[in-house]
Amino acid sequence: MTTVFDIHGGIHPPEEKSLSNPGEVLDAGIPPTLVLPLSQHIGKPPTLEVAIGDRVKGGQLLAAAEGLVSVPLHAPTSGVITAIEPRPVPHPSGLENLCVELRCDGEDDWLELEGFENWQSEAPETLVASVRAAGIAGMGGAGFPTAVKLLAPQRAPMHTLIINGTECEPYITADDTLMQVQAADIVLGAEILAHILGVERILLAVEDNKPAALTAMQAAAADAGRVCEVMTFPTKYPSGGEKQLIEILTGKQVPTGGLPADLGIVCQNPGTAVAVKNAICEGRPLTDRIVTVTGRALARPGNYRTRLGTPIDHLLGVAGFEPKNNRRLIHGGPMMGFALESADVPVIKTTNCILVPTEQELPTPPPAQACIRCGLCAEACPASLLPQQLYWYARARDQEQLERHHLADCIECGACSWVCPSHIPLVQYYRAAKGMMADSRAEKIRSDRSRGRFEARQERLEQEAAAREAQRAARRAAAQQKAAQGGADDPVAAAIARAKAKKEAAAEESGES
Amino acid sequence: MSFLRITSPHGHGPLTTAQVMQTVLLATLPGVVVLTWFFGPGTLINILFGGAVALACEYASLWLRDREPAPYLSDYSVLVTSTLLCIALPPYAPWWLVTTGILASVILGKHVFGGLGYNPFNPAMVGYVVLLISFPLQMSTWQAPRGLGEVPGLGDSVTALLTPGAYDGVTMATPLDLLRQNKGLLLDDLYAQAPQMVQWAGIGWEWVNIEFQAGGVWVIYGGVFTWHAPVGMLVMLGLCAAAGFDSGSSESGGSPLFHWLSGATMFGAFFIITDPVSGATSNRGRLLFGALVGLLLYLIRVHGNYPDALAFAVLILNFAAPFIDQYTQPVTYGHRPQREDEE
Amino acid sequence: MPAWVESQPLLAALMALLGLGLGFGAVLGYASVRFRTEGNPLVDQINQLLPQTQCGQCGYPGCKPYATAIADGDAINKCPPGGQETIDSLADLLDVEPQPLDAEHGEEKEPNVAYIREDECIGCTKCIQACPVDAILGAAKLMHTVIVDECTGCDLCVDPCPVDCIDMVPRKGGIEHWRWELPIPAEQRDNIIASDRAAA
Amino acid sequence: MNTAGAISRSAVMLGCFAALASAVIAWTWLETEDDIERSIREAEARQLLEIFPPDSHDNSLIDDRFMVAADTALLELRRDREGYTVRQGGEVVGVILPATARDGYSGDIELLVGVTRTGAVAGARVVSHRETPGLGDGIDMRKSSWMQSFDRRSLSSPVRAEWGVKKDGGYFDQFTGATVTPRAVVAAVRRSLEYQQLHRASLFEITPESPEEVSP
Amino acid sequence: MLADYALLLAGTVLVNNFVLVQFLGLCPFMGVSNKLETAMGMSAATTFVLTLASVCSYLTYTWLLVPLELTYLRTISFILVIAVVVQFTEMVVRKSSPLLHRVLGVYLPLITTNCAVLGVALLNINQAHNFTESLFYGFGAAVGFSLVLVLFAAMRERLAVADVPEPFQGAAIGMITAGLASLAFMGFAGLV
Amino acid sequence: MTTPSYATLTHNGLWKNNPALVQLLGLCPLLAVSASVVNSLGLAAATLFVLVSSNLCVSLVRNVVSETIRLPVFVMIIAAAVTAIELLMQAYTYELYQILGIFLPLITTNCIILGRADAFAAKNPLLPSLYDGFIMGVGFGAVLVVLGAIRELLGTGGLFANMQLLFGESARNWHFVISEDYPALLLAILPPGAFIVTGFLIAAKNAADNAAKRRAEAARAPVVAGAKRVRVTGKIS
């Protein structure tokens, strides 16, 4: 099958990929210290397994997965744990999060690793457990725990695995490079994944602007043991978005709110495939990755094999950073990456690119103007949304309309902002609005629970009060009855009668007991 | 070292608002040139004079609103408004007419709503309708086209602008006026009687329309706006005209070709109803918006009091646009009804 | 036309209006029986929008009573925990103009939770009685704890504590609770510039 | 108090107020009835008196009327309207004819045309029109005195061929920029004169006993 | 015949639109148009009341006031008719849609003082409509009212986020927008 | 409810709570009839009359009528007053009566009148009610006349045309024209002009209010935050 489909919208920003010499892997070396954030993925942070002062070997477990949606963390090299404390992490907020600092001893002394000799004969469950133990989180950007994704067959039978070698963002060539130098590993990894998922079909998707990778992958696919198709399609941003890619390759759309798994499809990044291959065949956990370090403010841009936890400062030094004409440091690509305030943060599992452009290359945007409803954004949106309406409603904080206009289906690709002639930071509006709506939903759940508890408490108090009141009434009635029997009408007599009655009752009780 | 924190995307496409506006301005050029050829330099003079007034007016509004004027003045939007208004005005309008129109456009049509991007009505058309209602006499005085009368020179044009009443050129009803006024005549008789009615839609007018269309198509090609609104309008206008046209009885409302090429049809289709700010938002919405403008345009032209109804049709639809938007969303990714065979 | 109408216009007028009144009265009487309603579901809808902090800052003992009051026409800007967002959604529900929060009832603050410094707690149970949602666990003479997930942050427990061992700490903090902020629209930035200009 | 009591109390109260209110209104009406009738008649007569001033006749114009049927040739009315007869000393000195110009710029223009016994226009007035404000509404006497240009005109002065607007080579001015309206009105007035000429005998009650003095 | 009624309807809805051309029913038009949803509710309620009131007052006039020569009582008797129709509607709405009732709560009694309703009743007499014409006229007036109310509400939702200069915010910009809409509706002049 | 002072009533009626500009009530006659000063004056006078007389009657009967029939009674009182003035105008100023057209009977449904009857006269004694009716009527009338003046001036270039309709023949020459060749801005006297001019009037009032507010802001006493709090959980033992 060679037909591919087209998606709505999309843009063609300058590619700038040749800048980082795809196809060549450089070594970033071992920096003096590594800083490893506990949370490098979507889901719960893992729990620490080491303490300050511990000496660790490469591949040793530093933190173990906590719950299902979580991944463990391993030491990328040998050394001593020197600190466990909040440090700045690569995150758009610029906030700190708990990190482990590892002083490297330079010996790179690793644990003995052991993989499966014959993975074909292993049960998928066993292999998934190994993937999980290897600390693999999706390397295509979102960092979703791969092992969780591999549980998809429990939902529905899977039939297709897509290896997403699109790499549609400008500048980034990490996957391109990987596909050129490790095509066979990728295909092997894909075969393992296919085995786990029980799918019969593997699609290797490569955009038509990477001829070298395409040839390499075709060659590797030809040698593969399974049906392995290499598919190529016209370059357009954001074809690499999972949902977009699925539409390009199959013509089907992932239903809103659903997962590719609902269509029987699982989509993985080539880097993830290699990590899986490493985990299964060698038992090697995920501790390094290829990072594209690029931009015209660098003397030696390129693709660097980098240990997780390497401070970006160190990488910039290796790549020959020239600070004079640069104002921005971007984690990720120019379209979806976020700007970092400082280079004093580490590389994590999802760091596919560090971009340091000059001011001429990516100028600081001028102040936003008013939206003129020109509709260019709607033309560009790959999700067929109306970005301008979402913008207006986000400004108005109109959650009802945001929902009506399907804010949730926005993939935050930034195509709309890119074309907007008024330079409106549209994506930021959507992210803020999504946050706002998530908060409201959480708040709603909270307040519903509080209401329930408040009402329950009120009811309980009322019951208690009623019970007390009933008791009091009963006592009063009893006393009155007594008084009436005594024929005395005045309160004093009644009180005396009551006291007497009490005493009698007490006497009776004690007498009985 | 500290870097700037700017949200993604970090790059930006080539287009800016100012460039969008410049493109539109540029695209009016062929039409204006042909207008000048047939009706003399009046329109050109108006555009220049009106542009200056508009800039002054925009500056004053911004100053009143305590806004930094430079970024707003440099977005060219007020020039688009004034240019479009001046193209729609009769060529030898006196200065006070132009000025009143610009004031109405820029202040009433634009700045009381918050300026660029916020105006629910098309400012140029607001200006035009205010003038049409207030000064119907001056607004229905059209110069006779080249070939039927003498085309005034530059001097005459300036005189007409500066000393109202001094210029006394040959004026003549436009073909649409004629059609409107001579309900009792057969179309053939009308063509025979009135020299300005020639084979398609009237001397001068047909060429003006064709040139505006050319400019508009160029802008669509340049990606500044989509084809939906213009096509919706022209198709609907054509359909209505075809339905109402019975090859020329006295009840007949003019052929589709006549409607397409007369008055402000093409100018409206490509420059007025495409105003993004006051129009419908989605492509579906724009198609509907255009079609309804076409329908109203035909109805008012043929049955109403205003021979060239474009401005009214546009304003009415501007009023309805937010409502149209509520019901013309595109189908978002993942919301396509699943077909059975896709399972 | 009957002759008396002509001779007695005043009487005719009286009779006509009386007749009308009687006829319509009958119609309405029937309708009032036929379309009788009771209860007011609106209170629940309003209550849904209130934050259920149950703090009493609105001047009513809890959110539900305030909801009832709003349904009866009280102002919608009295709930500080809900803040502007709640006011806006109430305004939206009731189609009235949103107003700013009435400062007399307090200010909008970040949501808090109570935190009991356990080593100082003397186990007096006063905070338990004060808590409107039973979010405090403990028994007499024993150390008390706040169930963080249930605490609404109303701070009603703070005052009664005889040894002041309850603190209110921010509920949202850290990287998981961080949210992107809405950008400041161009024209508001302009206003800032303008006021700078005025100040300078 | 029980429910039935409450209802009946309210009902009685309401009834009282209704009675009171209608009494007030009825009383006012009785007091003003005559004045109102007079005002209405005066208002109606005023327009007619502008055409034939009070000193030119001695009958009450609004009481001396006749019907003209819709679609009568030349007058082209859309519905039945009334004409008025003007008498002096028992003799008919003029008539006021209703006419409609169906070819106004926006819809019908309704006129009253007064014609003297000599066949000259005594005065013409527009009763209702929907012409464009500022352009076609010069036919309104409140806006312009253009309608007075018909005074004393007859079918012979100007001659038939010149009963049109200047632009069409006629005698009457058009308004600047709006020819349609004056053209329609001029034609309607001319047609009224023609109607009058055709129906002289019946309109002016010219019987064989009172033969024509002046032939037009 | 049918065409005549269609014309009457089109005429009342567009050409002589009650709100924008005839200036009737402006208070609720300005008051209940902040939100599309409520505007739609108000439209429904008004359509019902207006049509019913138009017919009822026609009947009262023709069968009661004219025979008794009491036409000068028309204002007060129409007001009575309207009050009753409104009261009736209120009961129905309260029963069928409590939220609408709270939202329209202020305005339902005020429909009594919505001059469009009395206006329809009076104009029916002025224009000598017969029964069917009264029905169509009332309905047309209501549809015209509803149409512009709903369009206006959608537009005001958009205006709510516009950068309107401070003194113009709220009622002022609403008025001006209504003015421009009314300007636009002048384009319908002469259509019918 | 305590009866407000006359000064408060005056300020409310004329400015702070002006029925036309702030409460946005009685818009229909306001917009429909204000094309010229004379029309405005005529309607203003009629409205004033109805307001005062209905407030008077309502205040008189306020202790007699029960809650249930309050509104119908008020409406009837108003309708009676309106019919009375309608008949009177028909009798004595017929042309003006014709110009005002259905807006004269429509005073009945002018929300201001019922609003004042219900909100004020029904709760206050005779004299304040009378005054309230009067000042509200004046406030409404003032806006009406100002609106009429602006529109007449813009739309015709003159002022006080046709005043004879109200003030007799001698008023005919009160009419004056600013400039003979002023190109009249017809828009102002056509329906859309009414809306637009009113919009600008409201904006002007807002601007004045804002300026005043900013001045007052400095002198304002701070409010005590949280002064109104109650205990949700009752007594703590």
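To keep things simple, chains are lettered A, B, C, D, E and F as they appear, and every chain counts its residues starting from 1.
FYI, a contact is a pair of C-beta atoms (placed from the backbone, for glycine too) under 8 Å apart; a residue touches a chain by one contact, two chains touch by 3 or more.
Just so we're clear, the structure is a prediction, and the values are computed from it rather than from any experiment.
Counting steps between touching chains, the shortest path from chain A to chain D takes 2.
Greatest Cα centroid separation from chain D: this falls to A. Remark: chain A and chain E have CA centroids separated by 55 Å (rounded to whole angstrom). Centre-to-centre separation between chain A and chain F, using Cα means, comes to 62 Å. Between the CA-based centres of chain A and chain B the separation comes to 50 Å, rounded to the whole angstrom.
Centre-to-centre, using mean CA coordinates, chain D is 34 Å away from chain E.
Contacts with at least two other chains are made by residues 72, 76, 79-80, 83, 87, 184, 186-187, 190, 192, 196, 199, 203 of chain F. The residues of chain A that reach two or more other chains are 92, 367, 369-370, 395, 425, 428, 431, listed in rising order. Chain contacts: chain B has residues 7, 108, 112, 114-115, 118, 130, 133-136, 138, 305, 325 touching two or more partner chains.
Against chain D, the residues of chain B that register as touching in their complex are 133-138, 140-141, 181, 183-184, 305. Of all residues in chain F, those touching chain C in their complex are 223-234, 236-237.
Taken together, the chain E residues at the contact with chain D in this complex read 72-73, 76, 189-190.
Here chain A touches chain E in the complex through residues 370, 392, 395-396, going by the rule given at the top.
The part of chain D that touches chain E in the complex is made up of residues 21-22, 25-26, 29, 106-107, 130.
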